[in-house]
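Letters A, B, C and D mark the chains as written, and numbering starts fresh at 1 in each.
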Amino acid sequence: MPGLTLADARAALDAGLAEADAIGQPMNVAVVDDGGHLLAFARQDGAIRASIDIAQRKARTSILMEAPTAALMPLVQPGAELYGLEQTAGGMVVFGGGVPVHRDGVLVGAIGVSAGSAEQDVQVAEAAAAAVSTPVPA
Amino acid sequence: MPGLTLADARAALDAGLAEADAIGQPMNVAVVDDGGHLLAFARQDGAIRASIDIAQRKARTSILMEAPTAALMPLVQPGAELYGLEQTAGGMVVFGGGVPVHRDGVLVGAIGVSAGSAEQDVQVAEAAAAAVSTPVPA
Amino acid sequence: MPGLTLADARAALDAGLAEADAIGQPMNVAVVDDGGHLLAFARQDGAIRASIDIAQRKARTSILMEAPTAALMPLVQPGAELYGLEQTAGGMVVFGGGVPVHRDGVLVGAIGVSAGSAEQDVQVAEAAAAAVSTPVPA
Amino acid sequence: MPGLTLADARAALDAGLAEADAIGQPMNVAVVDDGGHLLAFARQDGAIRASIDIAQRKARTSILMEAPTAALMPLVQPGAELYGLEQTAGGMVVFGGGVPVHRDGVLVGAIGVSAGSAEQDVQVAEAAAAAVSTPVPA
């Protein structure tokens, strides 16, 4: 069960694209494996092209940090503990839209979404992740 | 009509250079196509050379973000929604001087200007863009 | 008609993935727009991960050179006219698997495929491109 | 007299563009100063976009090596003295189309041209350089 196949990645992608359609905000959606390597990607008509990189980078950041990118935001502010973090590891993204995918409590991949507001990006990424995540075993 | 030719790009460039002359600030002016690829460039005598890259990067940022670079400044401040954005997409510029060019409501290119104050850069970029833009159709 | 939508890009992608299935070689398939910017991507189960980058780079090379990447191979050999070309323009790929997409005689995008032999990559890229290309008008 | 102004650079550029028109091959033409920094650039309608970088890189190579790029080709072949040179100094171009500009025997800039055959690129670059060079003083 753990380990994302392309079929899984496309299921996540399509769930994200459907959520983007539902909120009326064209998005870039990326799905990466547990090593942070791209599995599937789509850019919807009208989504800005800066977000091609940002979406992939958010997904990769979630793998490298094992956390949603939104959780990093307070940590990297001036005066905070990880100030400058975004400059490391090849360049990370510290605003919302990257969400890890867990199965049976194991990190198996991540979703990155970009082109809307950070709140919209998170919403779409969570919808994509939910489509292929399983709850932590009880 | 949409799509910038070299003749269009040089018309925009010359309008920008004339504006720079008018305000007495030597400038670097870049014109890119709708994919962010350089069409025309000029560096005026006395303009700093860091701005060779900055001008081109501003133009490319305007394409990738589909916005003037000046609009990004508040969004990337500490505590703001897109903090760290400038590190993505190959390195973007988030201060003024990048301006999109639209024709018939379509994004067809962008201007990037650098070497003066941000305010001067914007003024010159807007003059360049105005020379080849058309209003949104009514 | 010119200009690839996401629907077009996914039709091309799916045609490529079907061809890869038919020859039994898992592939990475990328579709880019006329500016070389990514539209859609998929990595099949078992395809090597170096090809994530190679597939995208082949597609981008086809846009920048306006040619199939296989056509570049003889030109960049020792003693040939464009020796060292692959080092330019951010790093281009000069072996087969990048194929331009034309519509009504206009370059509207490109396909990049990687993970098999160059011959297999070309076969899959051509199948993907054929799904969304139109013949040059008579 | 030594030192290229923007007026000089545009005179060189226009001479190059006129030569490109004369041979019917759309070109990318770049003019750099004695430090290899861009002064002026134009991409003609129909010229491939890979050559945006190649033209600038040829001009810069001519400054760094103080030689036409065509002169480097035999030196970098397998077994030859400077094999691998093109990987150094940020990436140099070792095929024809980069030409130094001298005034009164002093290297003051360089031209880089790309998009045609190497022979055509050299022809256009030499036309551009000739427009602003002066002969070595007798």
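Methods note: contacts are C-beta pairs under 8 Å (C-beta built on N, C-alpha and C of every residue); 3 or more make two chains touch, one makes a residue touch a chain.
Everything quoted here is computed from the prediction, not taken from an experiment.
Engineer: Return the chains shared as contacts by subunit C and subunit D, ordered by label.
Structural biologist: Chains touching both subunit C and subunit D: B.
Engineer: Average the CA atoms of each chain to get its centre, and name the chain whose centre is farthest from that of subunit A.
Structural biologist: When every chain centre is compared against subunit A, the largest gap points to D.
Engineer: Starting from the mean Cα coordinates of subunit A and subunit B, work out the distance between those two points in Å.
Structural biologist: Measuring from centre to centre gives 30 Å for this pair.
Engineer: How many angstrom lie between the centres of subunit A and subunit C, each centre taken as the mean Cα position?
Structural biologist: Each chain's C-alpha centroid was found; their separation is 26 Å.
Engineer: Where the CA atoms of subunit A average out and where those of subunit D average out, how many Å apart are those spots?
Structural biologist: Distance between chain centres, rounded to whole Å: 44 Å.
Engineer: Would you mind listing the residues of subunit A that make contact with two or more other chains?
Structural biologist: Only 49, 52 qualify.
Engineer: Does the chain-touch network form a line, ring, star, complete graph or other?
Structural biologist: Topology of the interface graph: other, matching no listed pattern.
Engineer: All pairs of touching chains, please: list them by chain label.
Structural biologist: Taking the chains two at a time, the touching pairs are A-B, A-C, B-C, B-D, C-D.
Engineer: Name, in rising order, each residue of subunit C that touches subunit A in their complex.
Structural biologist: My answer: residues 5-6, 9-10, 35, 37-45, 49, 52.
Engineer: Quick check: in the complex, which residue numbers of subunit A touch subunit B?
Structural biologist: Answer in residue numbers: 48-50, 52-54, 57, 73, 76-78, 86-87, 91-95, 117-118.
Engineer: For the complex, which residues does subunit C have touching subunit D?
Structural biologist: Contacts found on subunit C: 36, 61, 63-66, 78-79, 81-85, 87-90, 92.
Engineer: Considering only the defined contacts, which subunit C positions touch subunit B in the complex?
Structural biologist: Of all residues in subunit C, those touching subunit B are 33-37.
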